[in-house]
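Each of the next two complexes has chain A plus one more chain, namely chain B in the first and chain C in the second.
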Partner chain A sequence: MSVNVLAATEDPYIPGPSSFDLPPIFGEGTIVTKPMVQIVLFAVLAFAFLYFASRKRALVPGKLQYVGEAGYGFVRNSLGRDIIGSHDFQKFVPYLVSMFFLLLFNNWAAAIPFFQFPTFSRAGLVYGLALISWLVYNGVGIKKHGLGGYLKLQCMPSGVTGPILLLIVPLEFFSNIVVRPVTLALRLFCNMFAGHLLLILFAMGGYWLIFQSGVLGYVPVGILAWVLFTAIFFLELLIQFLQAYVFTLLNAMYIAGALADEH
Partner chain B sequence: MDGNLNMIGYGLAAIGPGIGIGLIFAAYINGVARQPEAQSRLQTIAILGFALAEALAIIGIALAFVL
Partner chain C sequence: MNYLLAAEGEEPNPLIPHIPELVLGVVVFALLYVLVKKFVYPNFEATFAERTAAIEGGLAAAETKQAEADAKLAELEQQLADARHEAARIREEAREQGATIVAEMREQAQAESARIVEAGKAQIEAERQQAVTSLRAEVGTLATGLAGRIVGESLEDEARQSRVVERFLADLESAGGVN
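Entry: the complex of A and B
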C-alpha cells in the first residue's frame, strides 16, 4: 500500500437509486441504455441456448442437450405439471419455459463481468413482463369460463353467502385482478434492485475504506467488506435463480387458479 | 450525523417478514423430517409462502426509497 494513496481523502461514492440511471450507450441524445441492450441480447442468448440444446435431439444426449433437457424438464414437471395439473398443462409449457429462461439469463447477467447489471432492476422492463402475465392468466380464464363466470370464480369464494359478500367481492377483485400484477412485478424488481444495491454498497464501501479514506485502521474493515461482498455475491446468484423460479411459479399458479373449476 | 429515518423504519418493518419466513421454513423442515417423500410437494408450497411473506419486505424497501 503506497503512502500517497493512503494520504488522499476523497468523498465516498454513495450508492442510491440514482446508481441505476445509466447513461445512454451511444452518447448524449440517443435513447438506448444498457438494460435495453441486455434484455434483447439475453433473450437472443436464451433462445440460442434452447435452440442448440434441442436441435440434435440425440437418443444419448450430449452435455448441452443434457443441460437443456434438465432445465426444460424442471420447468415442465415442477412448474407446469405439478401446479397447472396434468390435464391441460401442455399448452402452457412453451410460455413457462421461455419466461423462466428469459428471467434466468437476464438475472444472471448481474454475475457476468462487463454486464454486471441485473436487467430487471429497471422497473419498466418488469412491468412489461407482469403485463404479459396478467393478460395471459386473465385471457385463459375468460376463454374458459366466459367473462361473467371468470369474474365469479375470481371474486366469489365458494361457500360464502349473505351480506358478507358485499365485503368479500371487492376485496377479492382488488386482490386477484388489480394488485396481483403489481406485486408480481415489484417482487422481481425489488429483489434485483436491492441485491444489486447491496453489492454496490459493499464494493464501493470497501474501496473507500481501503484506498480513499486515508486512515490505516480502516483498511482491515475494508477487506472485511470485500469478503462479505464475495459472500453476498454468491447469495445473490441463488436469489437470482430463485426469483426466476418464483416469477414463473406464480405465473403457473395464476393460470391454474384461472382454469380451476368451481368447487 | 445525517441519514434517512426511512431506513430505520424499513429495518423495523423487515422484522415481520423475517419471522414469517423463519416460521415457513421451520414448518417445511419439520414436514420433510417427518415425511421425506413429501419433499417435492412441500418445496413448492414453502417457496410460494416464502415469496408471499417476502413481498412485504420488498414493498417495504420500495417504499423506503420512494417516500
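Entry: the complex of A and C
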C-alpha cells in the first residue's frame, strides 16, 4: 500500500453506459457479445433445471423435484391461476413459466462470478421480451373478442358515456396499448442497468480509494465502499428476483385484462 | 460499433438496442417456450394431477375403512349384547330348572318316606296278627296242660280239650276284649 501511496495518482474509473457496451467476443466485426452468450447459456440452464426437476414425476418428490415444483407451482398458481383465473390459465402456464425462469436465471447471472453481468441490462434483449408480451396479450384479446371488441374493451371503460369518451378513449388506448410494452421494457432494463452500475461504482470506487488515490485517509472510506458493495449485492439479488416476478406478473395481468368480459 | 451512435468518444445511448441481441432474445424465448411446453409443462401437470388423485384416493379409502370399522364395531357390540342377553336367559332357565328339580326330589323323597312308613306299619300289623294267632294256639295248649295238672284230670281227649279252650277264650273275649 505504501507503494501505492507514493505512486503517482491515477484517475478513477468512472462507470457509465460504456461499461455495458461490451465488445464482440470474437473481435471487431463479429456479432456475438457476452450478453448473447449469457442469454443462450442461462436459457439452457433454466430449461435443464425445469426438465430434470419435472422428469421423474415422483409422487414424493426428491430435492431437485421439490425445488422445481415450488418454483413452477409458484408461477403457475400465484401468477397464472390467481390472476388469469382457473378457467383460462392453463394454456398460459408454459408462457409464464418460460418468461419467469428465463428472466430469473439471466438476472441472477449478475451474481455469478465470471459472468457478473445482468443479461437484461442490454436494452435489445429486453425489447424482445416486451415485444413478445405485447403481441401475446393483444393477440389473446383480439382472438377472444375480435379486433373491434378488443379495442372497445381496452379503450372504453364500461359505464362511461357522452362527450367524456372523447377524452377517455385516446387516454385508455395510449395507456393500455401503446405505453404498456414501453414501461414493461424500461422497468426491467433500468433496474438491471442501474443496479449493475451501482455495483461497479462501489467496487471500482473502493478500489480507487484504497489503492490508486494516493491519499492514506481515503483508505477507510474505500473499505466502507466495499462493505456497502456487499450489502448492495444482496439487495440486488432481491431486486433481480423481484424484476423477474414483476415482469411475469404484469404479463399475467395484461393477459387477464385482455381476456376479461367487462373492463 | 456504428449502431451505438458513439461517435467522437460520446457515451453510447444504452436505450438503443443492439439488433442481433433483440433478435436473439426473441428466438431464445420462443425456443424456451416450445421446450417448456413440450417437456416441462406436461410432466409437472401430470405430477400434480397424480398427487391430487393419490391424496383424494387415500382420503376416500380412509373414509371407507373408517365406515367399515364403525360398522364392524357396531356389529360386534350387537353380538356382545346378544350374547349377554342369551347368557342371562340361560342362567334364569337353569335357576328355574334347578328349583323344579329340587321340588321334584323333595316330593319323591316324601313319597318314598311315606311308602316306607306305610310298609313298616303293614309289616308290623302282619307280624302282630301272626303273633296273636300263634299265641292263641300256644296259650290254649299251655293253659290246658296247666289246668290238667292242677285239676288232675286228664284233658287228653281232643274234643273235650278243644271245647274247654274255646270256652275259655270266649270267656276271655267277653270279659275284656282281645289284646
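Worth a mention:
Following the convention adopted for this analysis, the second predicted complex is superposed on the first by the 257 of 263 C-alpha atoms of A that agree within 3 Å, B and C clash if a C-alpha of one lies under 4 Å from a C-alpha of the other, contacts with A are read in each partner's own complex, and residues count from 1 in each chain.
The definition used in the following text is that contacts are C-beta pairs under 8 Å (C-beta built on N, C-alpha and C of every residue); 3 or more make two chains touch, one makes a residue touch a chain.
Keep in mind the model is a prediction, meaning the values are calculated, not measured.
Legend: residue contacts after superposition of the two complexes on their common chain; A:194 is shown touching chain B, with no touch to chain C.
Of the two partner chains, chain B and chain C are each touched by A:17. In the superposition on chain A, contact of A:83 is made with chain B only, not with chain C.
Of the two partner chains, chain B is the only one touched by A:245; chain C is not.
In the superposed pair of complexes, A:131 makes contact with chain C only, with no contact to chain B. Of the two partner chains placed by superposition, A:171 touches none, neither chain B nor chain C. In the superposition on chain A, contact is made by A:46 with chain C only, not with chain B. Applying the stated contact rule after C-alpha superposition, one finds that A:253 touches chain B and leaves chain C untouched. Annotation for chain A, partner touching more residues between chain B and chain C: C.
Chain A uses residues 16-17, 189, 193 to touch chain B in one structure and chain C in the other.
Against chain C, the residues of chain A that register as touching in their complex are 16-18, 20-21, 23, 31-33, 35-36, 39-40, 43, 46-47, 50-51, 54-55, 57-59, 61, 65, 68-69, 72-73, 76, 90, 93-95, 97-99, 101-102, 121-129, 131-132, 189, 193. The touching residues of chain A, when paired with chain B in their complex, are 16-17, 78, 82-83, 183, 186-187, 189-191, 193-194, 242, 245-246, 249-250, 253.
Listed in rising order, the residues of chain B touching chain A in the complex are 40-41, 44, 47-48, 50-51, 54-55, 58-59, 61-62, 65. The residues of chain C lying in touch with chain A in their complex are 1, 4, 6, 11-26, 28-33, 35-37, 39-41, 43-48, 50-51, 54.
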